[in-house]
């Protein structure tokens, strides 16, 4: 695959997110057990691991989406650009504008395509007038690699698109608020192979502007799109390193077992 | 007459009268005799009634005998048929089950039967009414003044106006409160709060309407008069008496809160969590998410819920009978007493109404109107709600 | 929803440029957070108002109705003079029975005058006026007592007689001296007597069993009115509803849920049921009047007819809840039964139905509770309150003789002119609500006890 290309520019970028000793409890469940990780800017970082290993939970810590789940307690330190996002002074609303998120199932709002994309910029007040908003929407749709398909029907409902188009619309919606980090929670699990290929191609392009963190349980996908890979198992971060290395020469025996299909 | 016959039966049974004596007793003495047997008769017994009663006794006696013979005969015939049919290759289970299935189907048909009953009862009597009173004057008349002596004016408009006005006030109370309560319970409230607040609110729906009627008549009405009446706290003098559109509307609104909130709560919960996550993930606050994503998505269902509540308000009887007053008038002042279709159905049909007079029959025409309006609202509302549910299934 | 920040979609000042610290909340976010708090406050307020209404309703019921459960009685020593009640002195019950209540009234007058003297209260009231202290049923009460026990004649017996509703109201704080100024039924002088006698322990309030077990009384005797007979009327109606609606409802649900083919007829039945559930109750009253009374000539005001009408009203509720509980029995149970050679009918009656039974009963109880509180249709078939003055004799009478029902009795009291009846109406509501609460409690317990997770 494209291991060779990922090798060269992965290491160059500076650190965007630093997590130290992160624990998550859901009621009595200890879901994340002391995770330390540094995520680089303008890089695609993949979280892999068997179901229930905590990779999605950890992802949701990065934009404090866990706050919306009653009973979830997060301890430890997560810094984005040197600011602790669990500091009481941080408003999660403001944080989430900076850390966008794309979900497992495409979830366009029951609104027009245009309104779906304009939703974020409107609530964050990113446009001064209609022309600017139009511009933002168009730019986002182009970045979402869906502009050509929908430019003639911007006011058609977003729910009328195909699954792959819907997911790219959701990506466009997320990038429209100009985030610095994009979190993707198994973005292709509900898509067919062709749509998956389109979304993966898009993810690779997004690397130019954003720091992308993607959770996936397809190891092939992790190998295809990411430069760095973190392997989670039972709430622990087992191994973290460059994607090529993880897949060809893992240090931990559990990683090797998972990759070779013996666990998970 | 039947009472007399029953009384005679009792008397004969107790041995105070013999059959022969009953036949010979003068009619005047019968009443006294019956009274002593504990059978009160409304009027003096005429010879004709006495004879009728005696005849009744005779034929019902014959009837009893005939019934006995018929039952025994049927039983014997059944037994014979059963013995004849009992062969090794006869699948009794199948026959029994066919019969049982027939019973089940007829039970299910009772639902249709009662609808047919409602429609027939309403239609026949309404036609009868329109024979005596012109339909155009009923539907477009602006005066409602029935008098059993004749010369009534029976225009439905003042009643419809009262009904709609009260329902409107009720919805103005119930929809915002119910909807906001539902939003809070569905989106904000902690599980524990929800666990006790929801059943508490639903208690309001379990309280019989007569209780609300009494509450309107004896508590809310006087309270409103103290506020809005002559020499009240606000010194406005808008209200003449405790019974008014406002009284009934306000209390009906309280009754409807749980209808709106329960249905809306279900509907809001049916909005997929992924939409909320999507909006929150973009950095929207909870209220922005609710107003701009959840409520628009839930809107059709909420409209259905409001229509159901409206149909409930229009058909509500006890609150308006006790709380709204009896005067049929077309007025804009919500502090005036007005009356409704349902209240007038009650007042035209209670008491010793003569069912052939237009003043009594008009109740059936009112009932027909009420039935058609509420049915239309229900059909539309249920259709909307069902389509909404399918959308997210 | 006035503060949708849509108007602020195009602000003049752009937010802090990218890279602004997360630790500083910008102005726009602050504004949005305020809107958020406001919105949440609306929700809490709405919920609070709803709760407030509930509390106000319960408070109105309890504060006005609890007093109906106590009643004032006057302790009186009445001389049962032989020359008035039994001139011949032979204690012949037939002759004693001929003495009407008018024969007893002077004795009571006499006893009251004696009591005034004995307690030494100064009063200018004539002996005749004194009787206003007592219920107008006092003479009848005394007569009943003598008829039950003729041996009392000639003695002076100590009896407790019902005080009149005004006196009762005074002792309960409902009637004040000021309000008596416009009332010709009682004067302030009477109240002086009452005050004196209360201190002497001759007038007292006691728990009012007669309210719970008694019959309705005429307009002039609110102190005597009870809800017992109407309660019995309700009971007979509920029996009719239960006997009819449970089997029919269950049978209809089984057919629709387990056997019905997907065709027009089934659709028609389904649409019908869901719409019937929302037909105003008064329309069912019209149905009952036209079909059961006008057409089938069943007796007016009879609990049987009321029960039939309420059955038709309750059926949709029962069918809907029964179908839900049948649906919750997993198909694996049916398949298991069918797999060992049971017929479809056997699978349903032997396996599915017993498992669904708790749910069905819960739904039935809730349906009955709803029917128990229903008033409007009863008014149309003549089950109004004032006929609930006698207990039915026997079970057949219970179904067929004219009677009222609790809610209709409450309505009747609410309509009467004398405010003393309002206390009875509120009290009746408490009785009704106790029944409803008990039924709901049973339903909840049933659900808890048999709740199953598949």
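For reference, chains read A, B and C in written order, and residue numbers begin at 1 within each chain.
What we mean here is this: a residue touches a chain if its C-beta (ideal position, glycine included) is under 8 Å from a C-beta of that chain, and two chains touch if they have at least 3 such contacts.
The model shown is predicted, which means the values in this text are computed figures rather than measured ones.
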| item | value |
| --- | --- |
| Farthest chain relative to chain B (centres taken as mean CA coordinates) | A |
| Contact-richer chain pair [A-C vs A-B] | A-B |
| Where chain B and chain C are represented by their mean Cα positions, the distance between them in whole Å | 17 |
| Cα-centroid distance, chain A relative to chain C, in whole angstrom | 61 |
| Whole-Å separation of chain centres (CA-atom averages), chain A against chain B | 57 |
| Of all residues in chain A, the ones touching two or more other chains | 93-95, 98, 123-124 |
| Multi-chain contact residues (two or more partners), chain B | 285, 288, 292 |
| Residues of chain C touching at least two other chains | 5, 32-33 |
| Touching residues on chain C, where the partner in the complex is chain A | 5-6, 8-12, 14-15, 18-19, 21-26, 28-29, 32-33 |
| Contact set on chain A toward chain C in their complex | 80-81, 83, 85, 87, 89-91, 93-95, 98, 122-130, 132-133, 178, 180 |
| Chain A residues within the chain B interface of the complex | 63, 65, 68, 70, 93-98, 100-103, 105, 107-111, 119-120, 123-124, 170, 173-174, 177, 183 |
| Chain C partner contacts - residues on chain B that touch it in the complex | 38, 93-94, 97, 100-101, 103-105, 107-112, 114-115, 117-118, 121-122, 124-125, 176-181, 183-185, 187-189, 197, 200-201, 203-204, 206-215, 217-219, 254, 257-258, 261, 285-288, 290-292, 308, 311-312, 314-318, 321-322, 342, 345-346, 349-350, 355, 363-364, 367, 370-371, 374-375, 378-379, 382 |
| Partner chain B, residues of chain C touching it in the complex | 1, 4-5, 32-33, 35-36, 38-40, 42-47, 49-51, 53-54, 56-57, 60-61, 64, 247-249, 251-252, 254-256, 259-260, 268-269, 272-276, 278-287, 289-291, 294, 312, 315-316, 319, 343-346, 369, 372-376, 379-380, 382, 384, 393, 407, 410-411, 414-415, 422, 425-426, 429, 432-433, 436, 440 |
